[in-house]
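Next come the structures, one after another.
Below, subunit A partners subunit B and then partners subunit C, in two separate complexes.
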Partner chain A sequence: MWSYILRRLFFGIPTLLGVTIIVFTLLYLAPGDPISAMVPSDAPLEVVQMIRQQMGLDKPLPVQYWRWLTRVAHGDLGNSLATRRPVLNEIRAALGNTFLLAVSAAFIGFTMGVVLGTTAAFFQGRWVDKVASAVAITGVSLPHYWVGIMLIIVFSVTLNWLPAMGMQETSGGSSLWTLLRHMLLPSIALALIPMGVITRMVRASVLEILQQDFVLTLRAKGLWSRTVTRHVMKNAAPPVLTLMGLQFGYLLGGSVLVETVFSWPGSGFLLNLAIFQRDIPMLQGVILVLATFFVILNLMVDILHSLIDPRIRRT
Partner chain B sequence: MLQRLRPDRRHIMKILGGVVAGLMTLAIAWAPVLAQGKGGTLRIGMTAADIAYTAGIPDQGFEGYRFVGYQLYDALVRWDLSQGERLPDIAPALAESWELDKNDVHRWVFKLRRGVKFHDGSDFNADAVIWNWDKIRNKEAPQYDTKQAGEVAPRLTTIKSYKKIDDYAVEFTTTQPSSFVLFQLIYVLYSSPAQWDKVGKDWRAFAANPSGTGPFKMTRFVPRERAEYEPNKEYWDKIRVPKVDKVVLLPMPEPTTRLAALRTGQVDWIEVPPPDAIPLLKQSGFQIALRSYPHVWPHSLNLKQAPWDNKLVRQAANYAIDREGICKSLLNDTCIPATGVVYPGHPWFGKPAFTYTYDVKKAKELMKQAGFEGKRVKTSFLISTSGSGQMLPLPMNEFVQENLREIGIDVELLPIEWNTLTSWVRKGFAEEHEKTGAMNVSFNFLEPFSAFVRFFHSASVPPKSLNIMYYINPEADKLIEAAQAAFDPKERDALLGKLHAMVVEDAPWLFVVHDLNPRALSPKVKGFVQPQSWFVDLTLPWMEP
Partner chain C sequence: MAEPALIHPPQELLEGPAGTPMSYWKLVWWRLRQDKVTLTAAAVILCIVLSAVLAPYLAPHNPAQGSIRKRLAPIGTPGYILGTDEQGRDMLSRLLYGGRLSLRAGVMPVCIALLAGSTMGILAGFMGRWVNMLIMRIMDIFYAFPSVLLAIAISGALGAGVGNTIIALSIVFTPPITRVAESVTTQVRGWEFMEAARASGAGTWMIIGHHMIANVVAPIFVYASTLVSVSIILASGLSFLGLGASPPNAEWGLMLNTLRQSIYVNTWVPVLPGVMIFLTSMTFNLLSDGLRDAMDVRL
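Showing the complex of A and B:
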């Protein structure tokens, strides 16, 4: 097992390198200039040139990439072009905030998805199935930034139950209760897509298992429906787990739109800002870290597969 | 027999005089205490997505100066933002007085204010001034900061040298006689050399623990989330000791989020509420502050290409725009029509021979004179999808497009992202945009350099500055140079008025609207003054309990 994990991690390196090369190239192909975000448009040419030199932006693209990669190999993601703060510190703070949202959105989305999907499959064709499927399709179809704005209008502006933005009291106070209150609305907005996707996957997966012979055998033997359900769920789990891993990865990437709507200072908010400022080290850093998360999450899902389904052997 | 005491009038006057003098002394002594008595926490939702650079001269343009630069730091002179009825005057700040050398009009001497301390307790003096100028001018100095230098350099074009005279006097020389010196020095903010040493001679560390001489001290800083200030109780200007107990700045780039935060009471003040929400906010008792300020939303025309190389077409296009319609139907009266670079009533407006009202008949007549009767002309405008000061660029440009179609000008709109547009503005009409007809970028006209020199002097063509139109008019150059050399403000304003009238007639821009700087405040915010400026005085407001 350990050699499998190490091998998978090793094969993750070319994936990460590929991602960084694509991002680096795309950023340079995109119109715009990081200097434009840093100084007024009528800044003297010599100052612009000096900043360009100081930031190493005057060097050819491969040289810039190589310099960046060498630094990364030493554990240094560089400094933000826009704020000059170390990229690593910025990412750490932002990812921590996004992680909170991702975990709570995953909890809401995955729980709802599994419950709705299983119920729909067991009651296939009946009104419960139709309602669950409608909820799932609505979750996937609604733009989550729109849902975010609607939640703010209803629960913050009209009912005044929950705060509309931020992650702590605007006057400065913070506590666990305050954090939970601030997290609820963005978590619900973020949970809708995973809930919809997982409901549909669980429903399809459970239906497929329900039609298999062993289920008929279990039922014929007169086993309790709870026991049958357990066997069905265990067999339906692998594809759902893969999907959950990917969905959690997306959630960790943060939602640019939801975090912007709720002014939540997470990785999506950071990415959005970095794109507008053409902050190359920041973008590269965030994407590298997120890609690493994806590689690790995929690996974890694979390991979980083998634990759930002994037929899959990882050697 | 008891004699009735009847004090004479002189005696009464003496007593009254004593009482008045005593009360005045008490009032002066207690002014800072009284000023601080109002208190409260003022929470501001900004349009920026991050807190501006806090080490001295800020980034993020004038929003950076508004909420960070002018609150934590001072310049030698300052804008007096205590009233909104007229344009703000320039007042003494870290310099108590200044003088132009009568024998050498290139030399200015500034007497510094004594007893001013930075937030870290170190003294402000001539050495600190020179150290700060080295920070932005002397590339060999250890404290040279390219970020601050890059931000302020375009505003200091005529300052040639700086020198200490004694501990409380410095001199500046200019490349040419320039009456614009005060307007330039107002952007140079002074950071504490002692604090820079203390934090390890590092601007990044300084930005996390800034020290200026301004009315506020920064107490907390969380990137992209908040900055918190407390009043500088030892501020040198006792009248401007802040009245609030605390200010919290919150970056909120999304307008609907700012609006919701204000309506739910999470913030007390938001910048630029969405125009369509203003009636509702008014109904709900929120204060809406609107006032003219030096902002203009124009299209800089490409005078090297047809049809904009023809003055009559430019004038016709200016007559074809329904500015009132834009302000009423799209922006809910949060703007006023622009018939020039500056607005009517501004000291530099002058007496233009042309007043660009919405007059389609006249516009068509001018098109006819230009030789375009019955013909359709094609052009393109490079516009942004959003951006600082850009208002609502897409619907506003569609409105202008429709207006111009009426007089035979077919405009293709080329929307691009804001950062890309600003990088094109630096290059001007070149490369793939050589034949583009106009670029739509809003500008400030805070001082004569920003209003005229950078746009309409022949020496300001790209890549030097923003005369992207290639407006070359020797008469305009002469007027600019004469205004710069006029040290009597009235004479200077008269010359700028003449220049403005000339620019309006030549129409190198499509003058569209002036923004009214909308902001919405909770009814609990008291004492706020909306000045005719990009900046605000945060020492004035306080919060009602």
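Showing the complex of A and C:
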């Protein structure tokens, strides 16, 4: 067991290094000189040269990468070009909000996905199955940013039940009720994709177990109780759990669009802001932090998977 | 997936002596023709594509010309069936023209990724050893990013523009296609007829050209087709963030973005571009599901 976990942790290191290389490269993908984003276009050449030297941008790329990596490893993601504050502090504040949204969206999406998928599988081919499958395919086909706008139109503009935005003003010292009211619409918009994906996966997974010999034997014997259902669910669980881990990661990293629609002060909103202010250190910081979370999450899912299903450990 | 057993054509449709199997592609075509949902989806996609291609002939107004006096006319206004946008431009014309950019930005990346990913994947699967190691480990790195985040990161760094959207999304979709291509190639490589071909003196390129392509293409193609709907949603999403098409161009995601502020004035016109994105991605999803069943591919 431990050898598997250690091996898995060990393989995570090159992945993380790869992530840092990609994030570092982002600076050079940006059109023009990285400096041009920092100084006004009419800045004298000597000043540009000075900043270049100060930031070490005149050194060869591998040297620059190494310097940047050492700083990052010490928790220094640089300062935001826009606010001049350390990137890490800004991200820390925003990440909590994104996490909150991701957890509530995951809760809604996963619960609905499991319920719909299981029902569909047990009633395969009947109308319940058809409805569930239609809901699932709609869920994965809907552009969630558009759903966010639709929800605002219906529940905020027309019915005036829930606030469309304004989470910023309420954050800190706000009551749980206000928070929930602000969270509901973006969570629903975000929950659609995981709901669809999980429904399809649960349906396929349960169906496969239902057709296995041991279930067929039990059913042939006339046994069809909660115990059998429990065995079916337990056997169908591992691939679904893996997918849930992935989907949760997608929620953390993919909430940019929904956060923009609802002006939700999370990491996605920060990312969007960074892009428009051409604040590359902020862009790099947010992406690095989110990708690191995603790698750790995948690692945990793999380890959890091996705990549930010991066959994994031998491969 | 444990789907219901495959549909097989009745005996009287089969040519030749009893028991002669249909050729694979004939069988696929036969199955597709039985599948009403997939056929409908394909027809809708065809309509959307045609309306985009023929936009200059179909559009009743100039999509770029607006008038302040006609701003935000509601749906059903005479002369402007689907209303006007925040600059008084005809919505119907803009939706028709919008399809050109949205479809291009959505479909192109999958095509590019299909080309790049299947080349690398087949190469990795066929060569094995260090080539496989090198290609697949590089692809693994991209898996460390959620796809939306990677797309936004790359196009955010590259800057706005449809070309940059296409580049970013191509990079996002190449690793998963490579992975699928590698895994099917590795599987097929182990089959006995491959051994036989090799034993009878067929060279590497001969084997790749004749045997691998035929047995590997179907699953890769089906997998790539599932990505089109995601790609369309993401491409329009990038435009929605302001990273794709730039005003005054008509593009569904961009239209959604610029009209977003108008929901308090005219509630339902801003909804329309989203309907188009949804319709397109939904039909592509249905089509790829149908293709998967007809081609009998398990992913």
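Everything below uses one rule, namely that the second predicted complex is superposed on the first by the 253 of 315 C-alpha atoms of A that agree within 3 Å, B and C clash if a C-alpha of one lies under 4 Å from a C-alpha of the other, contacts with A are read in each partner's own complex, and residues count from 1 in each chain.
Criterion: a contact is a pair of C-beta atoms (placed from the backbone, for glycine too) under 8 Å apart; a residue touches a chain by one contact, two chains touch by 3 or more.
The shown structure was predicted, so the numbers you read here are calculated from the model rather than taken from an experiment.
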{"item": "First (subunit B), second (subunit C), both or neither touched by A:T260", "value": "both"}
{"item": "First (subunit B), second (subunit C), both or neither touched by A:Q277", "value": "first"}
{"item": "Partner chain(s) touched by A:N160 [first = subunit B, second = subunit C, both, neither]", "value": "first"}
{"item": "Which of subunit B and subunit C A:M50 touches, first, second, both or neither", "value": "first"}
{"item": "Touched partner set for A:Q211, first subunit B, second subunit C, both or neither", "value": "second"}
{"item": "Touching partner for A:I152 - first (subunit B), second (subunit C), both, neither", "value": "both"}
{"item": "Contacts of A:V295 with subunit B and subunit C, given as first, second, both or neither", "value": "second"}
{"item": "Partner chain in contact with A:A236 - subunit B first, subunit C second, else both or neither", "value": "neither"}
{"item": "Subunit B versus subunit C as contact partner of A:V197, first or second or both or neither", "value": "neither"}
{"item": "Subunit A residues contacted in one complex by subunit B, in the other by subunit C", "value": "31, 149, 152-153, 157, 260-261, 272, 276"}
{"item": "Footprint of subunit A on subunit B - complex, ascending", "value": "41, 43, 49-50, 53, 59, 61, 139, 146-147, 149-151, 153-154, 157, 203-204, 207, 220, 222-226, 228, 246, 248, 250-254, 256-257, 260-261, 263-267, 416-420, 422-423, 425-426, 441, 454, 463-466"}
{"item": "Touch list for subunit A against partner subunit C, complex", "value": "14-16, 18-19, 21-23, 26-27, 29-31, 124-125, 137-138, 140-147, 149-150, 152-153, 157-158, 204, 207-208, 210-211, 249-250, 252-254, 256-257, 260-261, 271-272, 274-276, 280, 283, 287, 290-291, 294-295, 298"}
{"item": "Subunit B-touching residues of subunit A, taken from the complex the two chains share", "value": "31-33, 35-45, 47-48, 50-51, 54, 79, 82-85, 90, 93-94, 149, 152-153, 156-157, 160, 163-167, 170-172, 260-263, 265, 269-270, 272-273, 276-278"}
{"item": "Of subunit C, residues touching subunit A in the complex", "value": "1-4, 137-138, 140-149, 152-154, 156-159, 229, 233, 236-237, 240-243, 256, 260, 263-264, 267-268, 270-271, 273-274, 277-278, 281-282, 285-286, 289"}
